[in-house]
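Some structures are shown below for you to check.
Both complexes below contain chain A, partnered by chain B and then by chain C.
Then we have the complex of A and B:
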């Protein structure tokens, strides 16, 4: 079963993502509420995919992205953030993110990006 | 002190409106609610008059506050701050609608954990969209801080938000807008508090953009003459 890590400091956003993914059969979901917890959860759980927010407590998503990519260059990470500025998107892709979804998103946008990255 | 002309204020309103418009449309899809946002009323308001603009100093409000910095030559420079604010009743109603439940019939003075999260994320998303639009005009990457949520009296919330800016700025750009979520009117306020240097830069960039547009228009109109 595909294991997905939802890393977002907003409980509301984690709930929305959970609803979207669960409906499509992705039920093995784990959550992290800040950047440090994200890196720890990735190390412990080795998820197939991470949906990663950028502006988070303790460690920004871009920093967590760097740490995870150093640990596992094959990690599949999609950034999901309200920060939609081109330079931020470019930076995340250069750091190894496989995709970027700008909040607020349409349900189909998230699902098609998840499907595309999982392959 | 930077003086903004009516044209510049209109141009800023349009920029914010484009960003916020995209955000409210997508927010509507995300929450499966019919959300409309009115065109923002933009004012350059003296800082000491902001509380009067928003209501009674003793009103209970919910606010999301973000600090904004700009990235220039790999250095972070202060740009200002952004506040998304709702009267308590509107906050309670918006949170209920976002969470897909009926707004409470009886008045309460509290917000639940999920209410706070929903409002914080809404403020975050709307601010992100506005900042994307502003960053394009300023031609500068803008970095926002973690959102801070406050649920307190208007005066207390504003004092906290304005304390850093007050010694540097005398005026703030304020946007007043109204959401309509499935027939429910929700009054919301955006305050974009820019450092004087950022306001000056924004004003300069708008003038340049306008001059470029005008030059392009003249060239197109008279190139065959």
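Then we have the complex of A and C:
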């Protein structure tokens, strides 16, 4: 079963993402509420996919992205953020993110990106 | 609010409150230490999360302002300078705006205007932040907001209010039983206490009922946008107006009228208002009108949806009703208009031939009717071909405890909601006439149909010369209900009944009377159906 890590400091966002994913049968979900927790959860759980917010407490999502990629160069990470500038998106892709979804998002945007990255 | 996001609103509000709290305490701390980068970062994070959550919810102004605030904070962080009083004041102003806006959207109101504040932020950001000192203030700032506000209202979980209503109901019953007991034992000293208890219970009941009241505007104000979008999709021009937003309804009732009202509005846009071309051809202004109005009437709240569209075509209703076997061709010739206009509320009825995205294939009006019946409300329609349609919804303004007229039939007692009763009369049996199988009597020149509760409950008729008849009136429709006798008025707490009992038409619920015995509460609409 596909295990997905939802990293977002907002419970509201995690809930929306959870609903979108469970409806499509992705029910093995874990959550992290800040950057440090994200890295720890990744190390511990080895999820198949991470949906990663950028602006979070303790460690920004971009920092967490760096850490995870260093640990596991094959990690599948999709950034989900309201920071939508080209510069940030480019940086994230360069750091190894497999995709970028800008908030506010539509259900289909998230799902198609998830499908695409999981392959 | 954005489509389908209502289920997330509670979570959004809870988190917004947390974010504002963190923003406020960081800001207060920052005022004392205007160089601390960690505080700027935390404020920016709060503004950022609030922005992304608000835009997901469709609260655009909130999103816009928190976005601009976040940008300002990031610029401040980059510049590395000490924030001036001016900047801190502006941050407080932003916080105030966000707090007020979240409060507004929590009750379904519009977000306040943010243009002035956005301008101030832009001015501040466009000037070199480093050069700004306390003296050269290019922006006029509002008075420093009070950071400690007196709490005038608190949030209470609706479940607690429901529980309170239950308890008040129990209290009512207990008080009544006490009073009943004392009418047997007649202890004088108790009379005064019973009186006082009665008054106190009434007061508590009033306050609890009031606490549950919410202005209908909370449901209404999501409609302008919806009407606009739907009209656009249907290529129709609609001028939508609202009246009586401040009329209050019980939370439980209000929660349940949103959907029925959407159905009615959709019906008006889809089937009522004609296309601009058709309207011009018919000599009407090309923009149609839809008016949504709430008003108070005795113990009821009336909500009307009025349009100046095509109206229902009576011949078409007849034609379809015959086709669907609702009435025969013979009946169609003589059916009174009032009865004819009830037909569109029957399941699977539609006079529109086309199926549209908006109101589908006639599924709609019957759903509205069912929902309103459940609420013990009434639904009527007035329509005139090519002039327009008016839907009239009558709603009890509270559900749980209602004033009832207690009557008896045989050995059983039955309660009738006072809201429906206009008067009580004694009428001689000899005045009863039979018209088309219905019993009717004439009162003040009006034909009033009679329903005998003895017939309804299969009891033999009494041989009295005179009948006690309760005249009920709902949306201008009168009926007479014959009972054996009247006991009196009482505030009763309605308990819902089991499914089996619910199937019996004419029973709205049950209640426990002062002597501890149960009584049925009658649903007048159900009796008449």
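We take it that the second predicted complex is superposed on the first by the 119 of 119 C-alpha atoms of A that agree within 3 Å, B and C clash if a C-alpha of one lies under 4 Å from a C-alpha of the other, contacts with A are read in each partner's own complex, and residues count from 1 in each chain.
Here, contacts are C-beta pairs under 8 Å (C-beta built on N, C-alpha and C of every residue); 3 or more make two chains touch, one makes a residue touch a chain.
Just so you know, these numbers come straight off a predicted model, no measurement behind them.
S.K.: Overlaying on chain A: chain B and chain C, fit or clash?
M.R.: After superposition on chain A, which the two structures share, chain B runs into chain C.
S.K.: Quick check for you: in the superposed arrangement, does A:72 touch first (chain B), second (chain C), both or neither?
M.R.: Neither partner.
S.K.: Figure out whether A:82 sits in contact with chain B (first) or chain C (second), or with both, or with neither.
M.R.: Once the two structures are laid over each other on A, A:82 reaches both partners.
S.K.: Based on the superposed arrangement, let me know which partner A:104 touches: chain B (first), chain C (second), both, or neither?
M.R.: both
S.K.: Given the touch rule stated above, what does A:48 touch, chain B (first), chain C (second), both, or neither?
M.R.: neither
S.K.: Between chain B (first) and chain C (second), which, if any, makes contact with A:57: first, second, both or neither?
M.R.: Both partners, chain B and chain C.
S.K.: Which of the two partners, first being chain B and second being chain C, lies in contact with A:10: first, second, both, or neither?
M.R.: both
S.K.: Applying the document's definition of touching, compare chain B and chain C: which contacts more of chain A?
M.R.: Partner touching more chain A residues in the overlay: B.
S.K.: Where on chain A do the contacts with chain B and the contacts with chain C coincide?
M.R.: 9-13, 15-16, 55-57, 81-83, 103-105
S.K.: Considering the complex alone, what residue numbers of chain B touch chain A?
M.R.: Contact set of chain B toward chain A: 23, 26-27, 29-31, 71, 98-99, 113-114, 117-118, 120-121, 124-125, 127-129, 131-132, 135, 141-142, 144-147.
S.K.: Where on chain C is chain A touching in the complex?
M.R.: Residues 2, 8, 11-12, 14-15, 42, 44-45, 48-49, 51-53, 55-56 of chain C touch chain A in their complex.
S.K.: Can you tell me which positions in chain A touch chain C when the two form their complex?
M.R.: 9-13, 15-16, 55-57, 81-83, 103-105
S.K.: What part of chain A is in contact with chain B in the complex they form?
M.R.: Touching chain B from chain A are residues 9-13, 15-16, 55-57, 81-85, 87-88, 102-107.
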